[in-house]
Structure formats: structure tokens, C-alpha cells
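Next up: some structures, all given as C-alpha cells.
Two complexes follow with subunit A in common, the first pairing it with subunit B and the second with subunit C.
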Partner chain A sequence: MWMFALPALLINVCIILIPALLTLAGAFFLWDGIGTPVWAGLANFQALFADPVFWSALANNFIWTAIFLVVPTCMALIMAATLMMVPHSRIVVQSIIFLPRILAAAITGRIFQGMIFSPATGLVGWLNGFGLSIADPLADPDRSLYAVAAVDIWHWWGFLAVVYFAAMRQISIDQIEAARLDGAGFFALLRYVLLPGIRPTLVLMMILTVIWSFQVFEFIYIVTQGGPAYGSEVLATLAYRQAFFANDVGKATAAACVMSLFGLAATSLYLWLQIRDGARAA
Partner chain B sequence: MPVTRRQIVAAIPAAAVAASLPRAPAMAQDGRKVVTFWFAQANSDGQAALRSNLVDAFNASQDKYLLQLEVKGAAVNNLLKVALLAGNGPDIVQTSGPSYLTGIANAGHLLPLDDFAARYKWKERFLPTLLNTGVYGDKLYALPRDYESMHLFYNKQLFSQKGWKVPANRAEFEQVADAALAKGITPFSNGNADWKGVNEWLMTVFFNNVAGPDNVRKALGGELPWTAPPFVEAVELSKAWYNKGYFGKNYFSLTNEQSLLQVVNGKAAMAWNGTWSFGTKSYGMSKPDTAMDVVPIAGLSDRVTEPLLHLACGATLSIAKTSPNAEGAAAVFEFMLSRKFYQDMNRDWPGKWALPVRDLPPDLLQGIGYPLFEKTIVSLHEAFSKGRYGFTTWTFWPNAANVYVMEGIEQVWLNRITAEAFLNRLQTVFSQELKEGKVPPLPPRSA
Partner chain C sequence: MMDSRLNRTLCLTLIGVALFVSLLPIALAVMNALKTTVEISTNPLAPPVQFQWQNFSSAWKNAALGPSLLHSAQVTGLTIVLVCLTAAPCAYALARQQGRGFRFLTFYFMASITVPVQLYLYPLYFIFAKLGLVNSIPAVALIYTAMFSPFSIFLLRTYVLAIPVALEEAAEVDGATAWQKFFYVILPMMRPGLLTVAIIVGLNTWNEFVIAVTFLQNNDNVTAVVKFYNLTGQYSTDWGELLAAAVIIVLPVVLVFVLLQRRFIDGMTAGAVKS
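What follows is the complex of A and B.
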């Protein structure tokens, strides 16, 4: 029977397991990416933990996770519930809100950088021309992470709304009608009928959000490259710079291992929830 | 015939040995041996110049080799490393300068060029100062593709209109900058929104023009720590100027191109920029030079009393150790030294392929038709020939220290850390790389 799984297993071993193990091993070597690796024990982790930029990058990953667990999730749930209750124009609205998702990250990033935030060529510059004093948030280390998060939210929330809407459509229409007849308003319906009805989807998407938030790279690298002054640095941009610019592959893989730990924790939580729900159902 | 386990075990080392051996050269349809060359970034003008002046011209000049060039983009350094590790890189290995070359050369992925250098007399034809950047352990592994330096780009019309004179020391720089600020003009227009390397361009100037090139050389040789007072003064001055607004309100928002255009159109007075900027027409560097002028940057302390140029090699050219066609690659290098190639390339893509040849007769530059560029190349050539230069971070700093200068200095400018903390960290990173032999070779102080 296991022979049926063999092709998929082989692919996973070659593409995921072996590179993952090599990455893990790489964290224990000093390697510039081209010479001979030298055993270093825990030196890469010690160097990483001694680097203040690592801790600020880790903190930024947590902030990013918190933002994405709350802001796009709330926006998407409200939009999905609205689509449930207002059937007309569903297709048009879904198409519009899904559109940013199909744009390449590089294009979205450059649009926001050059056409929105730029004081020379963007909306910010245009508003400044009318006497408003608005600074480019990407140039401020205290705001740059939030500005990039706004770009990613614009790109992401519509997709999330479509996923939640699809899940809500699986809820029995009788339940919704009954709640309405009992006088449930928009938020009561969302709180007592729709959210419980899509709980498995909601949990899955939130777990995936945690995993993706610790892997976030492309928008940050395209828009701010982790700056200014490491203000929007996250673990992935730190690892990339260490590996490909500082040529310190060992430290980069150590950072990648820390990223993976959070993904592993989120996956374990998801599996535990599934097992618990399965046991309850039995 | 069934393959036994013993045969499989025996085949593994054989395969490993085979992978490290030179491959057979690819053959073109007309029987010529193919020479492969991966190029980094090139704008549309640059790509057109590469095709016509290098690929087509080389292929038409002989019938033994066929040059095949691929423009790989900004990631070429990473692609190269992976390909060389796999024994499958291009014949011609171009890196983004000695900082990138050091790791590849130390790892033994390059062919020593000494035999070719003797045959083609390259050592007599390149400027020794630049050629030295490709020497590791007494062997020549790379030829310099160009030389570069930081310069003061300024709007001469604006200067003349406001009655300003070109600054000859720190006090005069500050005088002009304060006068410009008072009139709502950005003193120095620079922007790093598209390339963080702009930070290190500026720091190259501060380190060399404040601390002095001799101190920088001592620090690169491990004889003086980066925490020494001259470097503290350099970093403090960069911070003071940033915080005074000398680099404008939009340093982190403007691209390099946007920032230099501000100087061209008079919204800014000056810029510290590099000779590579001549190669981008959209900068608006008018060829009759009506608005702009370019001069070496004056000293910024008592240690540096003369205007200073900063030695940089923006790209190196080597041959892969596993190249199946090293002869063809060397023939391409020899072609690049031809008078026609030099003139055509510098006319069509000025600044990108300023080959540091030892003899630069005035008539070699004739025909380029870009007086400002010609003047700059002559001054570079003279300074580098006589050993009067500073050291650029992207050529002489090892990778991790270079990256730290580029990234970490923003923390100083934005008041996140002190100059001392920045230099302490730089010293830690640098001393580790010095110990590991990762500092690129330093040229002698006199040619």
C-alpha cells in the first residue's frame, strides 16, 4: 500500500527533507558559500544571539504576525459576511478585492513605493504640494514596518475574504435564516452563526498566517530592504543578507532555523487542535 | 549486464573526479569553440553596447571562438557561486569587484592567469595598482574591468548664479551647504531608495577624506583599529551633516537617479556620486556639460589637504578553473584591450568599461565625445598611476564588514546607536574576517 505514496515521498525527501537537513547542518558550520565548510559547533547561534539586529528582527516578526492575525482577518471576515448578506454584486466585488492578489509582489511593492509613498513621484509628494506635511513612512525606522505591512495587507486581505466567503457558503442557509428571523443583526449573525460555522477554516488560516509571518520576505525586501536602520528587518531579510551579501551562510542558516522553529510550533498547534477535535467528535 | 554494488561504490569517486575536470568545450554549428560569459546588470543602452561592441565585434574579429554573453541581472554573484561549486559555471567569471572575487579565488575556483598574462603582456599593459587587486598568493587570478572613484558632481550654473565656489575644505563645504539650505536648495542630493550601496559611497568619502587614506590603509591591514579617533571623527561628521539636513529630507525616499537629476535641474547643489553615473543617460548629464561639472572631492580634515580620488574596481574578469575553453576566454580579454573596443565601449556606455590600461594617450580618448567623462578618466588615471588615492569600501573591505558599513551607518544617522558603537561592531566584524584571510589584497601606496 505504501508504494502508492512512494513517488510523493521521494519528491518530498529530495526537495524538502534533504535541503532542510542540510540547512540544519549548515547552522553548525562556518561557510562563506563557496569554500570548505568548517565545523563551528554553536558559534553561529552564539553570534546570532549576540547581534542586537537579530532580536529587533525577531520582534518585528512578532509584530508582523500580530498585525496579520488581526487586521486582514477582521477586514476579510467583515467583507465575507457582507457578501453573504448582500448577494447582488458578489462577483464584481470578489473580483475587485481579489485583484491585488494576482499582481506580482514586485509590481505591488514598486507601485506603493513609487506611486504612493514617494515624496518625489507619489501621492505623498502630491499632497505635500498642497501644503500638507506628510513624510514618507518608508523613510522612518519607527513606521517603515507598518507601511510595508499595509502594502502586504492590501495584497492579501481580498484573498482571505474570498476564502472565508467560500467557507461561509457551506453553512446551512436555514441557520442563517433562523438567526435573522430571531432578530440577529450583522454583528450578532457574524458572532453567533458565521464564525462558529467557519471555525476550522478560520483556525487553519490563522495557523498559516503565523507560519507565513515568520517567513515574510518579498514585500519587505522589495520595498525597504529591511531598513532604514533595520527598522523593518525580519528574520528572512537578515538571513538573506547574511547568506548572499555578508557571505556568512552559517549565521544565515542559524537564523533560518529560528524561523523554522516558529513554523514548527504553529504546525504542532494545528495538529494538536485537529487531534483534539477528532477525539471530541469520536 | 547487472551493475554490482561494488561497481556503484567505485563509480562515486570516479564521478566526483570527473565533475572537477574541465568539460569539453561546446561547439558552435560552424565548428567554433563557444566561450560563455555571464554579465551582471546592464540597462538597455549597455546591453546594446555589449552586443555590438563586444559580442558581434569579437566574433567577427576571428573564426576560432564564438562568444556567447548572457545578462544575468543583479543576482549574478550568487548564481556564479552556485555554478562554480557545481563545476558548471561560465568560462569567463565576472565578479562585482575584489570584495566578491576574494572568496572565489581563495576557494580555488579560478584559473591562474599568469601564463596568459606573460603571453599577452598583460602585466605591462594594465595599471599595476588595479592589476594588483587580482593577485592572490603571488598568482594573478583576475583582470580589472574598470576603475571608478567617488567625485563631487555639482551644478556649475547654480554655483555661478549664487556666487559659490567649489569647496576646497570642510569649512567651505559647510559654508556652501548652509547657504544652499537657507535658500531651500538641497546641499547634497543623494538617495538610497533603490540601492543601499549609496550609504557606502558616502562613507567611503567620510572615511578617506576625514581620517585620511593612510589611516584607512592601516586599518585595512590590521595595523589600526576602526575605533581609532580619526574614524570616530569621520563617522561623527557624517552624522552631523545628515542631521543638519545636508543630504536632504528625502535621502531614504529618492532613488539614485532621482537624486542626481535634482542636481542637474538645480533643485540641489551637489552630489557625491561615482564615475559609473556617466553611463546612465537618464541622469541628464549633458554631453556639452552646460549645467554640470565633476571634480575630485576636497579633504574634510587637516589630515587630507588635497582633493582625493578613491580607488575602486567595479568588476573583475577571470577564467573558471573548470573552463573547457580557457584559450577562448583569454582571447576575449585580449580583444578587450584593443583600441577600438576601448573607444567604442566608452563612447556608448561611458564609465562601465573604463579599462585601466597603463598607457592612456590623449588620442585614445578622442572620439568618445564626452569631455566631462574624458577629463575624469584622465584624472583617475593620473591619481591611480601615482599612488595618490583613497580606498573604497566595495573594493577593499571584506564582505561582512562592507555590508555592516552599508547597513549599520543608518543606525548612526538616525540616532539609534552612537558612532563608537557602530565602529566597535565594525571592528569586531572586520577583525574576524581579517583573521580568516578575507580582506582583498591592498595595492602598494605608489605605483
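What follows is the complex of A and C.
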């Protein structure tokens, strides 16, 4: 039976495992991507920790995590609960809010740049025509991270709503009907019936959100490249820049190790929760 | 009664807002793809006075979209084939074998789903550069296969688990080998799962950015999404043409989505919802 698993395993080991191990090792070498790597001990990490951009990038990863744990989660839960209340046209609504998820990040990013944020051709410019004066948020180091987050939330929240809705539909109808007969309104139903009912899915998505938030790259690289003035820089864009534009592969791999550490922490937390719940159920 | 009418109004309002938010950027993109640059900067929200279909033809010509769409189709097709070929037998093995080795293998594939691209991207790039595999479409398809097969294995595994073992035992009595059982009993019953895998892997590959922008660097092999990304440097003022290019690249994905939306949504939300 091992022959059945071998091709998939072989590809995975060559493309993911071996390079991942090399990344862990590479963090301890000085390398420009061309010459011979030189043993560096902790020099890459020292250089990284001495770099103020590293700390602001790490802070941005934490801000991103906080935003994504709260904003899309709330939007998705409210939408999912709403869909539970309406008996008709659920499929159409689900398909439409899911649609942003299937568009390529490079395209979504550019559409938001041109059609929403641009003061010349976008919604922001149109609003400014009415006497408002909203500056281009992508050109402002203090607001660019939030502007990119808005793009990613638009892309992500509908998918999340569909996931939560699918989970809520597995809750028994009797329970929901009983709560409604007791006079539970929208928020009471959400708080006391729907949320507890989808707890496993909710926990899983929250953990995945933390893992993904420390890996976030695509939208930031596409829309702002981490700028302006490193305002929206996160660990992944910092690592990418170090490897391919500053030719400091050692520092890039060190940054990649740091960001993976947070993912590992979130995964461990999840496994711990699973084991704890398993023990409690037994 | 009063309360339920209030709830109803609240629900419909929320749905209305959600639909508006989801559709606004898409509607703006499609509408402005049909306008001149002057019209767009005068009022991005106004409908086109006269449909500027030439935006599409000039986007197609100037951006050389034809070749890059072909590259996207090649990478996507090759990745789908490779994932199906490798993930299906692996899913079968993981579903039917209970030994310690296979349990570890299950754990290994599970772990590799959460590994960030950044953790293997840099060594992989420099290894591929040494081997002369940068700018090679099959090499990129191989990377995608590694990235997307763990999830496919778990999705297909649930299909195998749903097939009664008695069917295989019957084949065994008739003297079927493991491979024969796989080809004649398991594979036909896995077909809906393979279709779901093909759709999701196809979507992810068509849209993928990080690997594509890193490993495919010139016009002879760049994918449509990266081509579009590179265009903006040159044409960033000509939004009509740019948006027309965006519509062309997105169109195949949206068409498949409209045709097979149930399978799309169920496949992508599987895994997250445990019953």
C-alpha cells in the first residue's frame, strides 16, 4: 500500500519538507543567494531584531490578526444568522457574497486601487467631488494597512459567512424553533443558540485566521508592497524584500522562521483545545 | 407580530447591504471597462454613454493576453492532472490503512497544509534556479501539486471512507490485486470527489500569485494574473483597458462558478464544517 502514497509523499517532501528544513538551517547562515553560505550563528536574528522595520512589521501582523478575528467574523456571523431567518433566495445570496472569494487577488487588488481608493478614478475621488476631502488611504503610511485590510475583508468575509451558515444549518431546527417560541429576538438567538451550536467551526476558523494572519502576503504585496514608508509592511513582505531585492537570504529565512513560530503556536493551541475537549467529552 | 415584522425588515436590510457591498467593486470594474479614460475620471459611477468595446480588443492586443491565458491554462491543466494522479491513490491508502506509519503520514500531510509558503519559498527558488527550473511551466505545476495535494488527499479520503469495504472484499474474492481494486472499485466511486478537487485546484492555480510571480518572470511563460499585475506599471492611467483585461481573465472562473456553484461552495467550505 505504500506505493499508493509514494508519489504524493515524494513531491511533498521535495517541494515542501526539504526546502522548509533548509529555511530553518539557512536562518543561521549568511547568504546572498549566489555565493557560498557562511555560518553566522545568531547574526541573522540579531540583525533582524535590531531592525526597527521588523518590529513595526510584527506589530502590523498583530494588528492584522486582531482586525481579522473581529471584523470579518462579526460580519460573517451576522450574515449567517440572517440567512437562517429568511427561508427564500438563500442560494442566490450565498453565491453573490461568495463571488469575491473566487476572484484573483491581483485583480481584486487593482480594482480597489483604481475604482475605490484612487482620488482620480475611484469612489474616494467621486466622494471628494462633493466637498469631502478624503486623501488616498494607500498613500498614507498610517492608514495603508487598514485600506489593504479592507480589500482582504471584502474578499474573505462572504466565504466565512457561507461556512458559518453551513455550520448553523446542522443545528437542530427544534432548538431554534423552541428559542423563537420563547420570544428570542435576532441577537438572543445568535447568542444563545446559533453561536454555541457552531462552536467547533468557530474555533477552527479563528485558529486558521491567526495562522493566516501571520502569513499574510498577497494583498499587501499587490496593493502597497508594504509601503508607503513601511506603513503596511508585515513579516512576509519584509522577508520577500530581503530575499529578492536586498539579496539577504539569511535575514529572509530568519524572518520566515519567526512568522512560522506564530503559526506553530496557533496550531499547538488548537491541538491542545482538541485534546482538552476530547478529555472532557470522555 | 410587531417584533417578527421588525426582524424581517432588519434581515432584508442586512442582506441588501451585503449584496451591495459584494457587488459594488465588481459592478464598477465591469462598467468602467466599457468607458473611455476621460469618462472614468469624470465620474466612475456613471454608466457608459457608449460601450467602448475596443477596450477589450486593445487590452487583448497590447497586453498580449492570448499567450498568457494559454500559459495559465497549461499550468492549471497540468496541476489538476498531477494532483488527481497523486492524491487519489494516496487518499485510498490513508483511508484503508490503520498502521502507525500511515497514521504518521496522515499527520504529516495535515501539518503541511498549515506550513506557510514563506517557509519553503526561498530555498526552493534558489534550488530551482541552480537546476534551471525557473521560468518552467511544468516546474511551477509541480510546486502547485505539492501545495494543493494535501487538502485534496483529505477531501478524497472522505469519499473513500464512504465506500463500503465489502465491495473491495468481493473484488478480493475474485482475485483482484490492490491496484485492480483501486482502478475498478474505488476510482469510479471517487469521481464526484475528483471533480470537486479539479474545480478547487483549478481555481487556486488560475488565481495563484506568489509562486507565479516568483518563478515565472518573462513574457514567454508568465500567467494571466501575473501579466495583469505587471501591466499596471505601464498602463496605470488607462483604466478602461486595464479593467477590460481584468474582465477577460476573470470570465472563465466566473463562468465555471456559475455553472457549478454548489460544488464550488461545498468543496471549499468542506473541512471547516464538521458534523
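We adopt the following convention: the second predicted complex is superposed on the first by the 266 of 282 C-alpha atoms of A that agree within 3 Å, B and C clash if a C-alpha of one lies under 4 Å from a C-alpha of the other, contacts with A are read in each partner's own complex, and residues count from 1 in each chain.
Keep this in mind: contacts are C-beta pairs under 8 Å (C-beta built on N, C-alpha and C of every residue); 3 or more make two chains touch, one makes a residue touch a chain.
Just so it is clear, the model here is predicted, and its values are computed rather than measured.
Asker: Identify whether subunit B and subunit C fit side by side or clash on subunit A in the overlaid structures.
Answerer: Subunit B and subunit C clash in the superposed model.
Asker: Once the structures are superposed on A, label A:111 by its partner contacts, choosing first (subunit B), second (subunit C), both or neither.
Answerer: Second partner only.
Asker: Considering only touches as defined above, state whether A:133 meets subunit B (first), subunit C (second), both or neither.
Answerer: neither
Asker: Check whether subunit B or subunit C contacts more residues of subunit A in the superposed model.
Answerer: Looking at subunit A, the partner in contact with more of its residues is C.
Asker: What is the contact status of A:120 with respect to subunit B (first) and subunit C (second): first, second, both, or neither?
Answerer: After superposition on chain A, A:120 lies in contact with both partners, subunit B and subunit C.
Asker: Touching A:5 in the superposition: subunit B (first), subunit C (second), both, neither?
Answerer: second
Asker: Which of the two partners, first being subunit B and second being subunit C, lies in contact with A:244: first, second, both, or neither?
Answerer: both
Asker: Looking at A:35, would you say it contacts subunit B, subunit C, both, or neither? Reply first, second, both or neither.
Answerer: first
Asker: Tell me which region of subunit B runs into subunit C after superposition, given the options 8-16, 26-34, 80-88 or 422-430.
Answerer: The one stretch of subunit B in steric conflict with subunit C is 80-88.
Asker: On subunit A, which stretch or stretches are contacted by subunit B in one complex as well as by subunit C in the other?
Answerer: Shared contact residues on subunit A: 33, 113, 120-121, 244.
Asker: What part of subunit A is in contact with subunit C in the complex they form?
Answerer: My answer: residues 1-5, 7-9, 11-12, 14-20, 22-23, 26, 33, 78-79, 82-83, 85-86, 91, 93-108, 110-116, 120-123, 125-126, 129, 154, 158-159, 161-163, 166-167, 170, 183, 185-186, 200-201, 204-205, 208, 211, 214-215, 217-218, 221-222, 235-236, 239-240, 243-244, 249, 252-253, 255-257, 259-260, 263, 267.
Asker: Can you tell me which positions in subunit C touch subunit A when the two form their complex?
Answerer: So the residues of subunit C touching subunit A come out as 3, 7-8, 10-12, 14-15, 18-19, 21-23, 25-26, 28-29, 32, 40-41, 43-45, 82, 85-87, 89-90, 92-94, 96-97, 101-102, 105, 108-109, 111-112, 114-127, 142-143, 145-147, 149-150, 153, 178, 182, 203, 206-207, 209-210, 214, 225-226, 228-229, 232, 236, 239, 242-243, 246, 249-250, 253-254, 257, 261, 264-265, 268-269, 272-275.
Asker: Would you tell me which residues of subunit B are touching subunit A in their complex?
Answerer: Touching subunit A: residues 77-78, 81, 84-85, 103-104, 106-107, 109, 193, 196, 249-254, 258, 399-400, 403-404, 407, 410-411, 413-414, 416, 438 of subunit B.
Asker: Where on subunit A is subunit B touching in the complex?
Answerer: Going by the criterion above, the answer is residues 32-36, 113, 117-121, 136, 138-139, 141, 225-230, 241, 244-248.
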